[in-house]
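Chain nomenclature is as follows: A, B, C, D and E, assigned in order of appearance, with residue numbering initiated at 1 for each chain independently.
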Amino acid sequence: ACSGPQGDQPASSGTAGAAQPPSGGSLRVAVVTHGSAGDAFWNVVKNGAEAAGKQLGAQVDYKSDGDPGAQAKLIDNAVAQKVDGLVVSMANPDALQTSIENAVKAGIPVVTINSGEARSAQFGAIAHVGQSETIAGEGAGQRLKAAGKTKLLCVIHEAGNIGQNQRCDGAKTTFGNVQTLQVDINNPTDAQSRIKGAVQADPAVDAVLALNSQVAAGAVQAIKGAGSKAQVATFDLNSDVVAAIKSGDVLFAVDQQQYEQGYLPIVFLKLYKENANTVGGGRPVLTGPGFVDKTNVDTIAPYTEKGTR
Amino acid sequence: MSVAVQAAPDERLVKPRLWDRLVVRPEIGSLLGALLVFAFFSIVTGQFLSPLGVANWLDDASTLGIMAVAVAMLMIGGEFDLSAGVMTASTALVTAIFATQLGVSVWLALVFSLIFALAVGALNGWLVMRTGLPSFIVTLGTFLALQGLNLGVTRLITGTVQVSGMRSTDGYESAGMLFASTINIGGTEFQISILWWILFAAVAAWVLVRTRFGNWTFAVGGSSLSSRAVGVPVVRTKIMLFMTTAFAAWIVGSINILRNASVQANQGIGLEFQYIIAAVIGGCLLTGGFGSAVGAAIGALIFGMARQGIVYAQWNSDWFMLFLGIMLLAAVLVNNTFRRRAERVRR
Amino acid sequence: MSVAVQAAPDERLVKPRLWDRLVVRPEIGSLLGALLVFAFFSIVTGQFLSPLGVANWLDDASTLGIMAVAVAMLMIGGEFDLSAGVMTASTALVTAIFATQLGVSVWLALVFSLIFALAVGALNGWLVMRTGLPSFIVTLGTFLALQGLNLGVTRLITGTVQVSGMRSTDGYESAGMLFASTINIGGTEFQISILWWILFAAVAAWVLVRTRFGNWTFAVGGSSLSSRAVGVPVVRTKIMLFMTTAFAAWIVGSINILRNASVQANQGIGLEFQYIIAAVIGGCLLTGGFGSAVGAAIGALIFGMARQGIVYAQWNSDWFMLFLGIMLLAAVLVNNTFRRRAERVRR
Amino acid sequence: MSPLIEVRDIGKTYGSVIALADVSTVVNAGEVTCVLGDNGAGKSTLIKILAGVHQHDHGSFLVEGSEVRFSSPREALDRGIATVYQDLAVVPLMSVWRNFYLGSEPTVGWGPLRRLDRRKGRETTKTALAEMGIDLRDVEQPVGTLSGGERQCVAIARAVHFGAKVLILDEPTAALGVKQAGVVLRYVAQARDRGLGVVLITHNPHHAYPVGDRFLLLKRGRSLGCFDKGDITIEELTRQMAGGAELEALEHELRAVEK
Amino acid sequence: MSPLIEVRDIGKTYGSVIALADVSTVVNAGEVTCVLGDNGAGKSTLIKILAGVHQHDHGSFLVEGSEVRFSSPREALDRGIATVYQDLAVVPLMSVWRNFYLGSEPTVGWGPLRRLDRRKGRETTKTALAEMGIDLRDVEQPVGTLSGGERQCVAIARAVHFGAKVLILDEPTAALGVKQAGVVLRYVAQARDRGLGVVLITHNPHHAYPVGDRFLLLKRGRSLGCFDKGDITIEELTRQMAGGAELEALEHELRAVEK
């Protein structure tokens, strides 16, 4: 029945005991994102948040669900747990509005990440860290255009995923002639076959934009199999993509440096709690986009192995 | 005549025990499973039992529960509906597109989406009965078709993969009262979807056990040939069951759209199996003819408690599914001995 | 004595026609469906019939087909395996982790993952038979548990959600010859997985129709009580069927890992239903006791052709699922009349 | 007055199997028509057509003088034709009383509150079965747990209870004990005396002859003729049922059995 | 020499239902033991215990002198005990010959190439059924499409073919025509003469008396006694089967039926 005083110190007795840092006042942060479990992009976010937690003595609890309604429930859940801070990715601000406002009402500082920067302050978040997917897509489109490509195939591996659609839409605004293709990430054979079929069916396609490193690896093989001259660009990295960039099979990888989207909010929340600092002054803190290509791939490769790029 | 029937206790019966009577009820197993999960999380986590915590897992169970009850009825009637999951998104999309893009009042939009839902349900049922194909295949077809329509139409009309902006539509507030308001009990806000869930389960349980339609449902699921032979209107019963499922999907879709004020085109995909699972946990036989609406509602409760309980317990989310799997198996194994009893008569 | 039996044509038979004999075979419907889909895409697209095109959709159908055949056998035996999809990822992950992280040779890693797969399959079967719970629920448990393990273990060991780097391991080339090489026919590279698929389907068809084990499979699925009563080893048969499915998942997992050289932890989720669907399209009854391995292989072919054909037709991929749904329904409706005939004897 | 049921040259094929061809008979009110014949002769096929489960492919089927073609058993029931099927048509997982009333449930209440009258259902069922000499422990137990004969009695009691004009019984006494078989035959006689038309299928000439008024003999899907009781003796009936000329051999065998 | 099968004070409960209590009998080689009784008396329950489908809860069960407890019908089959169940235990979707050989399939070939001998399977099945007077059109047709009596014959032919020491028949003649019933009784006599022990359940005292050597009478799960043929007349047997004292009323009824 108590919704007034910010449940800072008294935050439920028994649970926080485990990760008690020596510095006293422990910080419990819930990170709730819209990435599906096992998604490579969000895995890096998670690694960032957990690394920050470890370094700053905060207890970080990462949860995710691609369904906006279910994501809202996870936020409610965190509010019920009276966490000390909340980090939310807002792919679908409308659906999360009530839950985030409730969290703010309950006195929990909220940092939004990734997308939704336009609504972040309105909902009462103390900061936004991210790089909207649209801007990342625009960057990729620009680069491909600069490389002299004329027709782009944008491969969406989770139909209806708003983030992936924003990436493709972004690419469309800067590149122009973009065609989308749906594949199923869980079925690598099928994904590869469909890309192969698409480049075969339309020989004009001279660039393929994958939104996930594994799809990129599949795309490289598909293009080879189809005997097409198209080149692949991708989002996110893994060792296969790193090798492919080195060998020139992949033109570049868009790097949103999402590690920071996990890491920084924990820092911000720590600062907010211990020093009432806020960051950004109502403007988003941008993390990218960065690009990994032949020029800088060697520097970045080792971090990929660790799961931080 | 009937006096002679009311004979003294039959010497062929071991003394009748309450226990034996309870044990044949299909929902008893799931009830024990639910108690187990409840006790477990109440002990290992602090917030699970707090009012806010209870409101949270009840909410999670509620929308799942509404659908699980409808799917259970359909399953008792011997059919599946794989399109049930996407239907919750389709109805929400229809409502949202009418309200935000065509500017009609939310109430009217809700009526349109209800008509749409019932039409799809009737189509499912009609196709299944008409073609004689297994409902698994037919509703798979509608599942894929709806999935494609959801995405295609949404992109066509809005250019993105979601429809938002419900908050500024006409009648949003009043319709929201019905589907998305909260009720304050002792300072905690409980979602009204919980009420819908209880109401739906109660009505379904009553219909199944107490009415003629319920009797027919069990009969067509248990043996549709025999039912037909004794004059049960098999086709009508099954079509009605499909329409009930679609109706439930409309309720859930309306709850979702009015609560979230936006809907994503790929929502609901995969949920159909959660419904089936909740129904089976609740004691329904996959082969039809046996089950209970209350059991399905409890099955959804187990799911909701386990799902949110794991979050409360702050176990590493990497292993989430592992915990969920073990939890479900444990809950279901509890009722093993009881289930067996009912299964003995299966043929 | 047997001379008297070989009587003249029975007067109670309408003249026996080849047509009638064909029509009762469970796979005939799917064959017609496949021809329909094939003809359709051959006409509307240019590349569908090109050697490269054929290689492409055959490849897509092959991994699906291997699993569909195994799942069909299990389904004929009256059980489901929801863990079949994730199992393909689990086996790949076990192979990859052993090979890349522990540095053992790929061949040895393959042996380990085979043992792992068979153990999980046996566990599934043992749990189902032991507890008497429906396999839908038990394998749902293992499905969730494996899904959790895949993600949890992968992150624990690698810090990322995928295991890669197979190319640099010991024995990659030789193992790749077996599972991931291509065969050049007339200038086009065909994946060896297509051979595996044909081989697997042929062996399964032979086992089902010609051997004692196949006979038992039909029997335990048709009526497990009756089979037990006449002395069929029901438990052993079902456990073997679960292990067959796991074995198929190992083959597919090995094909995937050796071809892609990396594997993502959430791979395979949701594919279990595609397997079931392919089997049902191929003429298997969900209730068990009826179906065919060849039919399931053809069901997978329909799936593969439709999936790739839509890409070749360059229809807007927003509507992909809609086309797929309509395509499947159309393919299945073709065999409606034929299927009916077999269904008449269902009880 | 036209007969309750009349079939003329009726025929039915299952796929390539000719199960019934050119069979004619009548069922009059207050008379018992017995259908006799070997296993697989087409008896069940005939009554399934009468009951609306299957439709005939040839010939005509008249109910009270007007030609009909039932598309479902419901229509037959609505015309007062109640049937006991050889496979009983019970739903094993449902309780005894629910099976008893299936398709014709008694209800109380009104509008959306109309509900099953469970009390009445249970009591009537218990009474009807008790009258047949089946004293069930519990009418709530699933039919699947009953013994073969108990199940048969449930199906018979149901048909007798709901049969209004015509009662069709497909081997009703097959699984029954001596006492119960006697009760069923008494029912048949009672129904006949109440003015119902009865169609009785049995393999036991000693059951058929006493109650039958007309005997339709089938063999391998075709009619061997339809005899009135006056035209045939029980010995002749037995001989025909066992397949005419082959009787010699059979009698020899049966005698051999008794040593 | 100890009897082939002996049960002593055997009992079985299903949940709260006592289906069988304190029943004793023996089955000797070269003898037919008939189990008689009302519907629901527990006859099928008894033979299911003998066949290994269920296990007894009380008493002891001896095969050739040594106490056993079959955990599956396979074990009973391996001891040479073959059974015809009342519900037939056929798989409706499987073809006739596959059902015939189910569990004991003939094979040819060796090692991994061992396969069903389909030719032999088909021919033996066709012959075995033809001997019973069932002339099937096609042994490849699913058992589910057979008539009730044809199905019964498949189950009986199977048991006769595989019965090595003991043959158990639960109401084998229930669905059979006159001719086929005669053939089955002849089989019973033949099996007995070959030295097999036979357990026969029937509701027809005229079937039981000629072939039976020993009669076990059950009522409501309990034994009314086990009589040798010499100790009981067919009239007494009929009276006992119909429930003793109640016979008067029944005779009256049966007479009434014949008008």
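Keep in mind that, in the parts below, contacts are C-beta pairs under 8 Å (C-beta built on N, C-alpha and C of every residue); 3 or more make two chains touch, one makes a residue touch a chain.
Which protein is which chain? UniProt says B, C = Xylose transport system permease protein XylH; D, E = Simple sugar transport system ATP-binding protein.
No experiment lies behind these values; they were computed from the predicted model shown.
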Checklist outcome for this item: Via touching chains, chain A connects to chain D in a minimum step count of 2
Checklist entry - Within the chain touch network, how many edges lie on the shortest path between chain B and chain D? => result 1
Checklist outcome for this item: Taking shared numbers over all numbers used, above half giving same and below half different, the chain D and chain E interface sides are same
Checklist outcome for this item: Rounded to the nearest Å, the gap between Cα centres of chain A and chain B is 33
Next on the checklist: Centroid from C-alpha atoms only, then distance chain B to chain E, rounded to Å. What do you get?
Outcome noted: 47
Checklist entry - Roughly how far is chain A from chain E, going centre to centre by Cα mean, in whole Å? => result 71
Item to check | Sequence positions of chain C contacting 2 or more other chains | outcome: 12-13, 151, 155, 223, 225, 270, 285, 318, 320-321, 344, 347
Next on the checklist: Give me the residue numbers in chain A that touch at least two other chains, ranges are fine.
Outcome noted: 37, 159
Item to check | For chain D, residues that touch 2 or more chains besides their own | outcome: 14, 17, 87, 137, 145
Item to check | chain C-touching residues of chain B, taken from the complex the two chains share | outcome: 131-134, 136-138, 140-149, 151-152, 155-156, 223, 225, 270, 273, 276-277, 280-281, 285-287, 316, 318-326, 328-329, 332-333, 336, 339-340, 343, 347
Checklist entry - Which residues of chain A touch chain B in their complex? => result 1-3, 12-15, 37, 59, 61-64, 66-69, 72-74, 76-82, 92-95, 97-98, 158-162, 165, 169
Item to check | chain B residues within the chain A interface of the complex | outcome: 45-47, 50-53, 55-56, 59-60, 63, 147, 150-151, 160-162, 164-167, 186-188, 256, 259-269, 308, 311-312, 314, 317-318, 320-321
Checklist outcome for this item: Within the complex, chain C is touched by chain A residues 36-40, 43, 47, 156, 159, 180-182, 184-190, 192-194, 196-198, 200-202, 213-214, 217-218, 221, 225-227, 238-240, 306-307
Item to check | For the chain D and chain B complex, residues of the former touching the latter | outcome: 51, 53, 72-74, 77-78, 83, 85, 87-94, 98, 101-105, 107, 114-116, 118, 123, 126-127, 130-131, 135, 137, 142, 144-145, 158
